[in-house]
Amino acid sequence: MKAKGERRKTAGGMRKGSRRSAVGGQRKAVSSERSAPRILTRAEFDRLIDELVAKCAVYAPVAVEETGKLEFRRIGSSSEVKLEGLADVGVVGQLGLRPKELLFPQCEVLFHFSPSEPGRMVEPEPPQEQVLFGVRPCDGAAVAFLDRFFSGRSDSSAPSDIYYRARRERTTLVGLACNRPADTCFCRAVGGSPSGTTGLDLLLTDLSDGFLAEPVTEKGAALVADMPVASQADMEKKQRLAENAGQAITTTIDTASLKRRLDRTLVSEGSGPADAVWQALSLPCVNCGVCTFLCPTCRCFDVTDEEFRGRGRRMRVWDSCQFTLYSRHASGHNPRATPHSRFRNRVMDKFSYTVAMVGELSCVGCGRCISACPNGIDIRETVETLLKMLPE
Amino acid sequence: MSEMQEFEPRIVAFLCNWCSYAGADLAGISRIQYPPSIRVIRVPCSGRVDPLFILKALQNGADGVLVSGCHPGDCHYLTGNYVARRRFAVLHDLLEFCGIEPGRVSFSWVSAAEGERFAEVVREVTERIRKLGPNRRMNAE
Amino acid sequence: MTANPYRPIPVRIEQVTIENEARDLKSFELSFVNEEHRKGWHFVPGQFAFLSIAGVGEAPFGIASAPSEPLLRFTVKRIGTFTTALHELDRGSIIGLRGPYGNSYPWDLMTGRDVVIVSGGFSFTTLRATLVHILQPENRPGFGDVTVIYGARSPGELLYKEELKELEKRPDLRLVICVDRLNGADWPKTEGLVPNVLRQVAPAATNAVALVCGPPVMIRFTHPVLKELGFSPDRVFLSLENRMKCGIGKCGHCNIGPKFVCKDGPVFSYQELLTLPQEY
Amino acid sequence: MPNDVTAVIQRRARELLSSGQVVMLLGYRPGRSSAQPAFITRPEDASLLVFDQSCGPNLAAFLPKVKHLGRIGVVAKGCDSRSIVLLLQEHQLRREDVFILGVGCNGVLQDSRLSDSCQTCQFPNPVIYDELIGEPAAASGQLKAAGGQQSADSGQRWQWFKNEVSRCIRCYACRQVCPSCYCPICFVDTTMPSWVGRTTRLSDNMLFHIIRALHMAGRCVECGACSRACPMAIDLMSLNRKVSQIVKERFGHIAGLRAEEKPPLTVFDPDDRQEFII
């Protein structure tokens, strides 16, 4: 009963292979003798969390009063965690804090400096160990994508991002399978699964009378090594839940065909019929940054310095390709001056560009951009239209 | 408490070129004493003062801001200060609503002939801010 | 511990030269503060680097000096926050440097061939580096005819004027300097827009490689002329300068389709650009 | 089964497009999650249009972007029509640029609850239109005191404000959906000087939100589009209501009612109250 990192759907030109993280040597796939699924009662689960809280930072879904939504918060005790019924709601962190922010914060200090000592730039203290509970499989897949994007490339022109890596190496992701996906979920259409393990260290499934815990990495196995091994009946129950959840997601996308169609539009920009398709699709888009900021794979950043009373810092701050400022040169020239070219860039990034860059789609089907778009733009409809309107 | 007494506020003063700046000048020429708390920025008209300037000053470490222009009816550009007055009124009420301490941002009219009044305004504003203590709410730190 | 790719190394400004009449173009010549940094610094003409001022920020610039020159040179137009701050710095100031980044001009392809350099405005920087590199006595025999067409709006806006006057005398180089309007000046000798001058000069396309760098409008009108002259798209190379923040393919800003100008560029063949969206 | 209003909108859209009276009909179409703005240019597509309580986006925000195409037909609720008036006042639009299909509005639903802004709506019916479709809606809105947050204690108000704006992720959805935010370059996007830092620390967020609210003074029609767009559920409506209240109390102005009125912060009365001036 070995839990395997499943392979994601491959699109044209995509490299096949394991999605095991290229970042962080700690995340070894679990050895077969430690891979046996375990069973955790709620009491054992609470004990595990309280033990971890004493050792490191623990984040888990918490119902937030102001927003009325579930978001990840640092917890001080197992009593704060809301796990009942959690497997039955949509993706966590639709609003508020999301797992991405714990690996790639919206504002992150790169260096501290003092203008009186030019040339001296001091890196911040290394991040602390953290464990994230209740990460959804789509978000796990997104982390695996970020691992690959932020890791060094073989051609050495793009070295590894040490800030991302430092956080990633000190992070353990404990997933929670979705028993009832939301109506905005479409992970299966982009190669994921409501019970997928990609990017995770341990996957929990809510069996209602306890959690089934399947180790994915050695890190994950270590958390549950002393728990009882699950029975055949537990495994069968999990299997049924996973199948039901999978069947609830009916959206399908021919991602390979989509990529071929999208790639054909690259050359005809500006004049070709594809441009009219993009213009029509982007009309309701107002180029705000909601979709990109909430997207678990969007990773663009700006670098900005600030100085206050003799102390300064260089920070990186999330940026969005939907903003005009994003691509505007200091001279005023803007290579993506039109709203539809910015809209297009985002969709192309998800379904074409990152396949060319690192061999993977960068849409994991979490549906956050659908539920958060102020004008109700639905990426599934966008993709449907593109498949219909663009020639193969 | 002693820290509070020693606290010397830093106040950014946006003074219109035609009246309040001249008023400050007169205060200086007349050797009228007032606290050395203000850092003057001369602007062509109080109508030039964007609320952004005021908030930016507070963000960048000012403990208070004073905006001063010509008395209503005396604007060198006829109506600049009238329009500015509406803007400042909204800013004043909104800052209060947001819980920025009343008195952090002050407005006054001082003419070129009112050297003593200028000194009096600075004394009053300084005293208010001294009582409020250092600006922490709007501060960048 | 791997080196932090975001960490700038300290360099000292050794020389500041005002390059144009408008005084908004300055050349900064830099030396390394630490010897080990100097030893570890290797670049090829066409590459760029980030200059960095703590508290102000960073910005990328093409390297205007050739590898053989003792000081690193950057020619910078005062246009934004960073460049304004840089322009205020004097000799002796310490700033930061990150790089070198990007590919370079296609030196393998250029070897043994004629080289045609077409440049306008202040983008001449990396092409100056290229030209100086080619003209090194040990390098010059490796190339065929070298033609340079360099234009600016007015005589006062030309970069590296004294150097250009010297280069004009060289027999092994065809250097045509032009300006949009001469306004009665006696130098340079040619009046006209770069694409038009290129058409008149008409360098042979057989066995030649063209390097183009300039403002977007010049690039747009230069392409058709090169095509007329018989340059195939795989022999025309452009150096692009999209907005960028990291230089190492992470921040996302400089993408043209799936390519990043910082790591896949800044030099692209026209052939490659034909397969990418026109986002440059 | 299309409701009556939907049926009339569809029919009129078809007629207006067929007769060439408008080049585009800006209305709503159902989306998978919520209603979406629809940009109908062919009479045969008019059947896509709907009108119901899920039609939240303020369509006036799109008018400056599509007016170059020709005369635009637009479906306008009470608040949307006030935004059109505002755009007319500020010369962003000419009356002949638009053909307004006004509709009475019973409020917009968000997460199946009446949207916050609609709970205090005083103008559910269009204040300007070429045609009124359906029956006028009854004004049911209760005038809420600007922000239930108006505690007497400055420190408590500060806590409330801090708590709200500290959540901001600076996605600018509030700005992008707002018909009143049409500046080609927003103050947060200037780089010379850079007025507002790019970070999401409190002081940058505060600067953004205070100035955003100030820029709404006399210009906010309280449609609630910003509030509904906010992914962090920041209480933008309280700030908006407050500036509207200030402008109403001090200058007697209500935004977006009469096209011939001047924006209140561009004019003055010599007798404006100045009790706040030393």
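Labels for the chains are A, B, C and D, by order of writing; each one numbers its residues from 1.
Just so it is clear, contacts are C-beta pairs under 8 Å (C-beta built on N, C-alpha and C of every residue); 3 or more make two chains touch, one makes a residue touch a chain.
Just so it is clear, the structure is predicted and the values come from calculations on it, not from any experiment.
Colleague: Count the touching C-beta pairs: is B-D or C-D ahead?
Modeller: B-D is joined by more C-beta pairs in contact.
Colleague: Find the geometric centre of each of chain B and chain D from their Cα atoms only, then give the gap between the two centres in Å, rounded to an integer.
Modeller: It comes to 34 Å between the two C-alpha centres.
Colleague: Which whole number of Å gives the spacing of the CA centres of chain C and chain D?
Modeller: From the centre of chain C to the centre of chain D is 48 Å.
Colleague: Could you tell me the distance, in whole angstrom, between the mean C-alpha positions of chain A and chain D?
Modeller: Roughly 33 Å, centre to centre.
Colleague: Hunt down the residues of chain A that sit against at least two other chains at once, touch-wise.
Modeller: As it turns out, chain A has residues touching two or more other chains at 302, 304, 306, 319, 330.
Colleague: For chain B, jot down the residues that touch at least 2 other chains.
Modeller: 140
Colleague: Identify all positions of chain C at which a residue touches two or more other chains, and write them in rising order.
Modeller: As it turns out, chain C has residues touching two or more other chains at 80.
Colleague: Give every touching pair of chains, nothing left out.
Modeller: A-B, A-C, A-D, B-D, C-D
Colleague: Touching residues of chain D toward chain C in the complex: what are they?
Modeller: Per the touch definition, chain D meets chain C at residues 191-194.
Colleague: Considering the complex alone, what residue numbers of chain C touch chain A?
Modeller: 2-8, 10, 33, 53-59, 79-80, 83, 93-96, 101-103, 215-216, 241-243, 245-246, 248-253, 255-258, 260, 263-264, 274-280
Colleague: Quick one: which bits of chain B touch chain A in the complex? Just the residue numbers, please.
Modeller: For chain B paired with chain A, touching residues are 60-61, 140-141.
Colleague: Residues of chain A touching chain B in their complex?
Modeller: 306, 308-309
Colleague: Help me check something: in the complex, which residues belonging to chain C touch chain D?
Modeller: Touch list, chain C to chain D: 80-81, 84.
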